Amino acid sequence: MNEVVLLSLSGILLGLGLYGVLTKKNIILTIASIEIMINSAIFNFIIFSSYNNNPAGDVVALFFIALAASEVAVGLALALMMFRIKKTLNIDVMNSLRW
Amino acid sequence: MDTLLFVLIPVFPIIAFLVIAFLGNSMKESGGYVALVMELISFIISIYMFVGVLTVPSYSVDKYMIWFSLSHGPTFEIGMLIDGFTAIMIFIVNLVGFLVILYSLGYMHADPGLARYYAEISLFIAVMNGLVLSDNLFELFIFWELVGLCSYLLIGFWYRKPEAAKAAKKAFLVTRVGDVMLLFGMIILLYQSHTPLALNFNQLYSWAATSKFSSAELTTLTAATFLVFGGAMGKSAQFPLHVWLPDAMEGPTTVSALIHAATMVKAGVFLIVRMMPLLQYTPATELIIAVIGGFTAFFAATMGLVAPDIKRVLAYSTISQLGYMFLALGAGSAGAAMYHLMSHAFFKALLFLAAGSVIHAVNTQDLHKMGGLFTKMKITAVTMLIGGLSLSGIPPFSGFFSKDLILDVVLQKGLNNPVYMVLYILAVLTVLLTAFYMFRLWFLAFMGKPRGYDEKHVHESPGVMVVPLIILAIFATFSWMFLLLPSFSQILGISLSLNIPTMLIGVSLGLVGIYVSYMLYSAGIPKKFTSVVMKQIHNILYRKYWFDEVYGAFSIYIIYGFAKLVSMFDKYIIDGVIDGIAAGGVMLSSSLYPIGKGLVKNYVTLIISGLIITFILLIYVSPFLYGGGI
Amino acid sequence: MTAYLVYTPEILIMISALLALLFDVLDSKKLAGGIAIILNLVALVIILGWSGITGSILSLPQSGGHGLFYFSLFGYMFQIIFIIVTVSVELTTLDFSEYNGIFYALIEFALTGMMIVAISGDMVILILGLELAGISTYILTGYIRKSELSVEAAMKYYIIGSISSSLTIFGLSILYGVTGTTSLWLLNLHAGYSYIPKNNPLLYLGFSFIIAGLGFKIAMAPFHMWAPDVYQGAPSPVSAFLAAGSKTMGFMAMFIIFLSAIFYFAPNLSLLFGFFAILTMTTGNILAIKQRNIKRMLAYSSIANAGYILIAFSVDTPLAVAGGMFQIFSHAIMKVGAFIVVAVVSVFGVGESITDYKGLAKEHSLLALSFAIMLLSLAGVPPLMGFMSKFVLFSGAVQAGGWYILLAIAGVLNSALSLYYYARIVKYMYIDNPEPGKHKNKKISMPIYSYISIFVLVVIIVAVGIYPSPIIGYFIHIASQYMVWR
Amino acid sequence: MSFPVLSLMLIIAFAGALFSFMSKKGRDIALIFSSIDFILSLYLMFSFTYNTFSYQFMEKYGWISTPYITANYVVGADGLSIPLILLTTLLVLAVVIYSWDEKKNPSAFFGLIMLEELGVLGVFISLDFLLFFIFWEVSLIPMFFLIAYWGGPRKNYASYKFLIYTHVAGIIMLVSVIAMYFYSGATSLDFAAIASKSAYIAPFTQAVIFLGLLFGFGTKMPIVPMHTWLPDAHVEAPTAGSALLAGLLLKMGGYGLIRLAAYMLPAGRSAMTPLMMGIGILGVVWGAVAALSQTDMKKMVAYSSISHMGLVLIAIATWTQIGLMGAVFLMFAHGLVSAVLFMGVGSVHHSYGTRDIPKLGGIADRTPMLSVMLVIGSLASLGLPALISFPAEFSILYALFSVEGYIVAIPLATLTIVAGFYIWMLQRVVFGKYKSRYVNKKPHDISLYEAIGIAMLISLIVLYGVLPFILNNIILSSFIGGMV
C-alpha cells in the first residue's frame, strides 16, 4: 500500500515534469521540468530500495543526484549562450533548424 | 552423274553476288557480265542435270551433311535431293535466270543502282537454286525466306519511289503471313513425324507410308499440311494472300519476269509438289488446295480484265495461272501442276520480258497510253502474241497442252466429286477470261493508234533484249515436245493423252475470249459502259474487290490501334503506377518533412507517443500474436 | 595492482583528456590533439591485443570492480569502434583552426563515457557512461559559440537528451524495483530464478521507458526527430562523432540491457523491434529523399541505418546479431568518413547544400572519389563494406525464416530506395556542372590530417568489402558468445 | 590447376578500366585491353572440351569461411557461359571501335565501358553466388553513369529508373538466393553446393523462392510488366550504352534464370511453368505490338528486345534440350543483332540529328552503307533464316509446341508483327523520297570506325546464321547435357 502511494507520487512527478516540458515557453523552466523528471526516477530508486531491502538503490540515487546537477549546469550554460545570441529565452524561437 | 557437281549450281551465282556486292561500285556495267557468266556456268550444269535425269528417269539421290543435332531431339541437316522434279525446276530457274540477266544488260542499261541489281539478282538465283535442291523442309524454308528477301529487295529496287518501297513492304509482310503458317506446319510435322533427320523429304514420305494414322493423328497431319499450304498461299499469291503480287510490279520488269512470274512464285507450287506424298493422306487439305486454287484462278482473272497497267494484267494472270496449278495439285496431280509450271514459266517470262520491251520503248506502263506499236516493234509484238496464244491455251502452243492436262485431271476428279465439278466449270470459265484479258492487253498495246507517247523515240529493243524473247518464244511454242520424251512423261507421271471434248471446250472458249477482246479493243479504247450494272462490276473489279482497303483498314485500325493502346498502357498505366509510387514517396517525404516544425515540444510529444506505442505493442499486441499474455 | 590493468585503456583515455585540458591552458592545440590521438591509438593497440587473439593475457569474459564492470570481446569490439571513430574525428580537426584543446578534452571525455558503457556491468556504470558521453557531446554540439545553429542544436540536443536520459533512468529504476538488483549481469544470472515474475506489467513498463530512452540515442523512429537538427547544426566533426560514436554507444547499451530483457519476453520484443525496424528505416529513407542539406540527409541515412540494425534485435539469432554488429561497425566507419568529407570540403568553400556538390569531382577528384565510395557503401553497393554488412544482416533475417524474411525484404527494398538519394549525390559530383558562383576555391593549406583519416577509412571500407571473411568470422564469434550468455 | 584464363580476363578488364580512367588516351587502352580479352575468349572457345558435363577452366580459392556464411572465389565456364563470354568480349570490342570518335570526356567513357565488361564477364563466369552478385551490381554502376552523363534529354529520369529497377531486382534476387542457401542447408554459396541440395527444399518453398528469382532476373530480362525501364533507358542512353545494355545486360537475366532459378529449383520451376509461359507469351506479343506504334527508332528496337526476351523466357519455361539451346542461342543472337540495330540507329541520329521515324525518309540516298547495315540488322532481328536469330527462334518455337501444343500459334503470329514493324520502319526511314529538311544539311555516311564496329557484328550474324553448329555444339555438348 505504502509503495503504491509512493510510486504514484513519483508517477505524478514524472507527469508534472513532462507537463512542464510540453507547456513552458521559458528554457529555464523547461530545464527545471526536466530536473523534476529525473528526480522522479531517483525517487523511484529510493522507493524500490526500501521495498527491496537493498541499499543499492540508495547508492544509485546518490550518484544520479550528482549527475542531475552536472546536467543542469550544462543546460544553464547552454541557455546562457542561447540568450546571448537570440536575446530571448523563449523555447519556441528555436526553430531555425528544421527541414 | 556426279552429284557433288550440282552443289556448284547455287555456288556460282553466290560468287557473282559476293563479287558484285563488294566490288560492284567500281565495276559498273561489267558487273552484269560477271553475273551473266556465272549464271551461264550454272545453267550449263543444270542442263547437264536435266539431261542426266531425263536419261535415268527414276534418278533420286539425297546427299546431306549434319547441321546440328540434339541428343534428345531431331538432327538438322542440309543437303540436296536430286530427282526429276528438281531437275525440271532447276532447268527452268537457270534458263529463265540466264535469259533475264542477258535481257537486263539491255533493259537496265545505265541505271544508277546497277551493281545492287546484279548482286541481288545473282543472290536470288543462288537461293532459288538452293530452294529447289533442298532435301528437307527446314532447309527449304531457309531458302524460301531468302528468295522472299530477294523479292523484297528487288521490288524495292527503285526505293526512291514511295510506291516501290510500299510495294516491297507489302510483299514482304503478306508473304510473311504465309511463311509463318509454313513455319507452324513445319513445327507440327517435325514434332509429329520424329524422323531421324528433321523433315527430310524422303524420310517424311516413308514415315507417312509406313505409319498407321489414328484419326487424331490424321487431324494433326491435316492441320500441318494445311499450314504448309498456307506458306504456299503466301508465296504463290493465292487468295486471300494475293494482294502483294500486283503491287510487286513496281519493281523492274526483269524482276517481275524472273521472280514474280517464272520462279519464285512457283516455289509454293514446288513445295506442294514435294508434299504430295503426305497430302494423299489428308483429302481435306487437298480439297482446300483445290478450292483455293480454282477460286483464285477465276477471281484473279476477273481483276485482270480491267487493270490498266500492262504489268498488272500479267500479274493477275500469273496469280490466276498459279491457281490452276494449285487446282491440279488439289486434284492430286503433281505432274500436271509441274508441267503447267514449266510451260507457264516460259510463256509468262516471255510475256513479261516483252512487256518490258514495250515499257522500255514507250516509258509507260499504262495500256491506255500505248497503241499501234505493232509496226514499230515487230519482234516484240510477235513474240508477245506467241506468249499470249500460249497463255490463252490455243494449240499448238505449249500452254494449250498444259492447261488441257489440268482441266482433264480436274474433270476426272469432278466426275466423282461435285466440288471438283464446280471447280472444273470455274476453270473453264477462266479460260475465257484469260484469253479476253490477254488479248485486250495485246490489242491495246500493239493495235489501234498511238495514244500519247513519244513516237519518235520508239523503236525495237536492242539485241540482248530481243534474243531472250525469241528463245523464250521457242520454248513457249515447243516445250510440249518434252512430253514426247517417255522419260519426261514418266517423271511427271502424265502423258499427252488428248481428250477431245474437253480440248474443244477449252479451245473454243479461248477463241471466244480472243474474239470478244478483238471486237472491243482492236480499234483502241472503247466507250465507257453505259449500263449501271456493268459500271458497278467494272468498278468492283477496278478496285480489286476492295481487298487493299480492307487489309489496310485492318492493319491500321485494328493492329495499329491495338499497338497504340498497348503503348498507352505502358506509358500511362505501368509507368504511371511506378512513377506514381515514386512520386508518392517524394510527396510523402515532402509532407512528413515539416512535422515537428523544428520545435522541441513537438519532438517531446512524439517521444511520449512513441513510448506509449512501445508499451501497447509490448503488453497488448504481442501476446495476441504469440499466445502468451500478461 | 594487476587487477587494475584491465582498466588501462580507459585510464589512458582519461589521461589524454586531462592532458588536453592542460595543453589548452598552454594554448598548444596540436600537441593536445596529437597526444590524445597517440594515447587513443595506444589504447586501441592494447584492446586489439586483448581481444584479437585468443589466449591473450586476459581470459574473457570476466568481471571486475565487484561486478560493476564486465570485460568481454563484445565490449572490446565496441571500444575499438569508438576509438577508431574518435581518432578519425580528431585527426580531421587537427586541420581546423577553430578547434582547440578544450575540444579534445571534451571529445576524450565523451570517449571515456563510451568506453565505460562498453564495459559496464551495472546500471549505475551504464548510466554514468551514457551521461558522461552525453553531457560532453551536448557541449561539443554547441562548440561553435558564435553560430546560432550550433547553439540551437546544442540546446535541442540537450533538452531531448536529458528528457530521454530521465526516461532511461526511470525505466531502469522500475527494472531495479522488480528484480531487486542494479547489476545487469546479475540480472542476467538471476533471470532464470523463478521468483522474478516473467509477466510483470511493471517490467513491460520499465522496458518501454528504456526503449524510449535509448531509442533517442540510436535515433529510432519516432524518437529520431532531434537527429537531423542536431547533425545539421553541430560542427561537422561533431556530427561525425555523434552519428558514428554516440549512436553506436546507444546500440551498445541496448545490447547490454536486452541481453537480460530478451529472456523475459523475447517474442514480444521481437515483434516490437521488427515494427520499429521497419518504421525507422522507412522513415529515414523516405525523409532523406527530399533533403536539401547534406548533413540532414546523412542524418536521415543514419536513422535508416538504425532501422536496419534493429533487425538484429528482432531476429536475435547469432548470425543476425553478428550482422547487426557488423552493420554498426560499417555504419560507424562510413558515416564518420562521410561527415569528415563534408567537413573537409567546407574548407574549400563548398556549402552544405546538396546542390553545392555539383561538379565536385572536377576540382577535388580524390575527395569526390572517397565520398562516392562512402556513399555507395552506405547504399549497399558491392563489393564495399556496406554491402557485406547488410548481406550478413539480411542473411541472418532470412536464415531465421518465417516472418523475419519480411524484415529482410523490407530492408532490401529500403536499401534500394536509399540508393536513389546516395546515387544522386554521386551523380551530382561526377556528372553535373557546378552551379555558377559556387566553389569559391579558398586558397588554404592542404588538410593533410583529414586526408589521412579519409584514406584510412576508405581503405577499411574497400578492404573489408573485398575480403570480409575475418571480420565476419570475428563478429559471428562475438555474437555466438553473446548468445551463449543468455 | 591450369592456366587461370578466366581470372586473367577479369584482371585485364579491370586494368583496362583503371588505365583508361587515368590515361589521356583512354580509347587506345580500352582497345588494347578489350582486344586481349576478346582473344582470350576465342582461346576459351577453341580449347573447350566437348561432351563433358562439367565446368571447365575452373579456379577456386577460399574467400569467406565463417560458421554461417561460406563463399569462395570460384570461376568457371560451361556451354551456357562460353557463348555469353564470347558475346561480351566481342561486343565490348565492337563498341569501343564504334565509339572511337567519342568527344565528350573519352577517357571516362572508355573506362566505364571496360568496367561494364568487368561486371558482365564476372557475372557470366562466377560460380559462387556472392561473387555473382557483386559482379551483378558492378555492372549497374557504369551503365548508370553512361546513361546519366552521355545520355539524351531525359537522362535523369531514365538513369534513375534503370538504376532503381535493376537494383531492386538484384536485391530481391539476393534475398531469394540467400533463402535458397539457408533452406537447402548448403555448405557454401557455391552454385554447385547449392545445386546439390536445393532440389530437396519443400516444393512450396521452392515455388516462393523461384517467384522471387523470377522477379529479380525477369526485371533484368525484362519481362512484362516490369519492362518499362528498358525503353526509357535505351532512348536516353548513348549508342554504346544501348548496345551494351541490350546486348549484355539483358542476357544476365536470362542467364541467371537458367542457371540459378530453373536448374536449381526443379519443383519451383514446374510450379511456375504456367506463369512463365504466360508472361513469356505476353511479353512476346506485348513487345512486338508496342514496338509497332513507336515513332522513336530506338524505342522500337527496345520493345523488340522485350519481345525476344519473352521468347527466351518461354524457352526456359519449356525446359527441354532444344528449348534451352534455343534460349542460349537466342540470347547470343539477340546480343549481336540488337547491338547492330542500336549502333545503326545511333549513326542515323548522328548523321541526321533525329531518330524520329516520321521525320526520316529515304536515307538510303545519302547514307547507303548505313542503310545496308540497318536493313541487315532489321532482317536479322525479325528472324530471317540464314541470319543468326532464325535457328534460335525455330528451336524455341519447336520446344514450345512440343510442350504446350497449339499455343505456339500466338508467338508465331507475332512474328508477323515483328516483321511488320521492322519492314515498315525500313520503308519509312531507309526507302522512299529523301527528305531534305534535316538538322544536318549534309549528312555523312558512317565513319570508318562505326562501320568496322558494326561490320564485325554483322559478319558474325551471318556466320552463325549459316553455320549455327559452331555455337550449338558447345551449348549442347556441355551445358544442356548436364542440365536436362
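Order of writing sets the chain letters: A, B, C and D. Residues in each chain are counted from 1.
Please note the rule applied: a residue touches a chain if its C-beta (ideal position, glycine included) is under 8 Å from a C-beta of that chain, and two chains touch if they have at least 3 such contacts.
All values derive from a computational prediction rather than experimental measurement.
Look at the CA centroids: the one farthest from the centroid of chain A belongs to B.
Work out the mean CA point of chain B and of chain D, and you get 35 Å between them. The distance from the centre of chain A to the centre of chain C, with each centre set as the mean of the Cα atoms, comes to 26 Å.
Rounded to a whole number, the gap between the C-alpha centres of chain A and chain B is 95 angstrom. Rounded to whole angstrom, the centroid-to-centroid distance between chain B and chain C, based on C-alpha atoms, equals 76 Å. For chain D, no residue reaches two or more other chains under the stated contact definition.
Residue positions of chain A touching 2 or more other chains: 21, 30, 91, 94, 96-99. Under the contact definition stated at the top, the residues of chain B that touch 2 or more other chains are 593, 596, 598, 600, 604.
By the contact rule set out at the top, the touching chain pairs are A-B, A-C, B-C, B-D, C-D.
Across the complex, chain A meets chain B through its residues 18, 21-22, 30, 91-92, 94-99. The residues of chain C lying in touch with chain D in their complex are 318-319, 322, 376, 380-383, 387, 391-392, 394-396, 398-399, 401, 405, 408-409, 412-413, 415-416, 419-420, 423-424, 427, 430-431, 467-469, 472-473, 476, 480. Those residues of chain C that touch chain A in the complex are listed here as 123-124, 127-128, 131, 135, 138-139, 142, 145, 148-149, 151-156, 158-159, 162-163, 165-167, 169-170, 172-174, 176-177, 180-182, 228-230, 232-233, 296. The touching residues of chain D, counted against chain C in their complex, run 62-69, 130, 133-134, 137-138, 141, 144-145, 148-149, 159-160, 163-164, 167-168, 171-172, 174-175, 178-179, 181-183. Interface of chain C with chain B (complex): residues 156, 159-160, 163-164, 167, 199, 201, 204-205, 207-209, 211-212, 215-216, 221-223, 225-226, 229, 265, 267-269, 271-272, 275, 283, 286-290, 417.
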